[in-house]
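Chain naming follows the written order as A, B and C, and within any one chain the residues start at number 1.
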Amino acid sequence: MKSHTRHLTFNVPARMDFVNITSQVADEVRKSGVREGLCLVNAMHITASVFINDDEPGLHKDYKRWLEQLAPFDPSPERYQHNRTGEDNGDAHHKRQIMGREVVVAITNGKLDFGPWEQIHYAEFDGRRRKRVLVKIIGE
Amino acid sequence: MKSHTRHLTFNVPARMDFVNITSQVADEVRKSGVREGLCLVNAMHITASVFINDDEPGLHKDYKRWLEQLAPFDPSPERYQHNRTGEDNGDAHHKRQIMGREVVVAITNGKLDFGPWEQIHYAEFDGRRRKRVLVKIIGE
Amino acid sequence: MKSHTRHLTFNVPARMDFVNITSQVADEVRKSGVREGLCLVNAMHITASVFINDDEPGLHKDYKRWLEQLAPFDPSPERYQHNRTGEDNGDAHHKRQIMGREVVVAITNGKLDFGPWEQIHYAEFDGRRRKRVLVKIIGE
């Protein structure tokens, strides 16, 4: 069994934004030499997500508006008790649960085994600082 | 390490519906010959989900009504900017994020290692056409 | 390839509560002897979740209030058709979909490869009885 580990770093200038990381993950698959296996991609921070969906700007705007409705940014400690700790990112912990922590992608014939529109995105909900994404590949 | 790959195809006649695919996945586990390992099952399309929950018709109706509340079908480009692309399925991209893209299931003693009510479902949110689900099994 | 399987049992005294299970999962990683691999942790019941986020009491209260807004407890069969089966836990099946069934965590150098605040939680939405969580580890 082969394994390959890589920690990617992002510093997203906005509080909330999405970054297409498919080509970076595909690079790691190539480097791993794995032909058949699994590729885990997960946010290492709890106010960020990794998700697979379309890389379409209108959809990304829709997601941001929708997440803001489901869990509005509010730095006060009234809406989010979490903000009593001195943080202002209670909303980000909720948005991350909707969009998910991780994806697991099959590797077949040495490539990400994807449908026609699947793209891997890093989703930042509390940006403007360095945060990491883990890529772990196992297989043969 | 063994690996086994299968792409299942579905053509769900409704816009939104759920299909129990547990027995098809279990068949692939048997064919794989894997006794101890992991089984990934994921939608290959971004307006569909794979989820594990009870196969109970009342619950499935509840899910559909709830998802419709959280992300209503609306082909207009006002609610979903995604629909400015000519698509009418903006809602489906949101429903899919709630229900998830994939499940990873343990294989123990050659079988899906399941609790008493776990059933794998394909969830279609933009049906009436052929779409695929990937089953990837690795282990020994 | 090595594999290691463990079924953990929980009996949460409240209907809804979260339990930090990180140290129990880390114990299983140690016992597995796996240095490089993947660790799957999933609820085996369909009214419970496993999720990774901060172990901060204010945040946990926020999650509970938010989940109660998104899918209120209501034993009547009017809001949840699922409750026509004699169950009163329709809400729990919805809360579980928001928080997710499972997490997959990388194992690197024999340890859970975690960011600074990642903690694995068992989330109970229909407690006061014995329920199980599966830990499955594969790797080398």
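Operating definition for what follows: a contact is a pair of C-beta atoms (placed from the backbone, for glycine too) under 8 Å apart; a residue touches a chain by one contact, two chains touch by 3 or more.
Since the model is a prediction, treat every value here as computed from it, not as a measurement.
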Rounded to the nearest 5 degrees, how far is chain A rotated relative to chain B when their C-alpha atoms are superposed? 120
Call it same or different for chain A and chain C: same when shared residue numbers make up over half of all numbers used at their interface. different
How far is the middle of chain A from the middle of chain C, if each middle is the mean of its Cα atoms, in Å? 20
Among chain A residues, those touching two or more other chains are 1, 38, 70, 98, 100, 104, 138
Flag every residue of chain C that touches chain B in the complex, lowest number first. 1, 3, 5, 38, 40, 42-46, 70-71, 80-85, 90, 93-94, 96-98, 100-102, 104, 132, 134, 136, 138
Listed in rising order, the residues of chain A that touch chain B in the complex are 1, 36-38, 51-54, 56-59, 61-63, 66, 70, 98-100, 103-106, 108, 113-118, 138-140
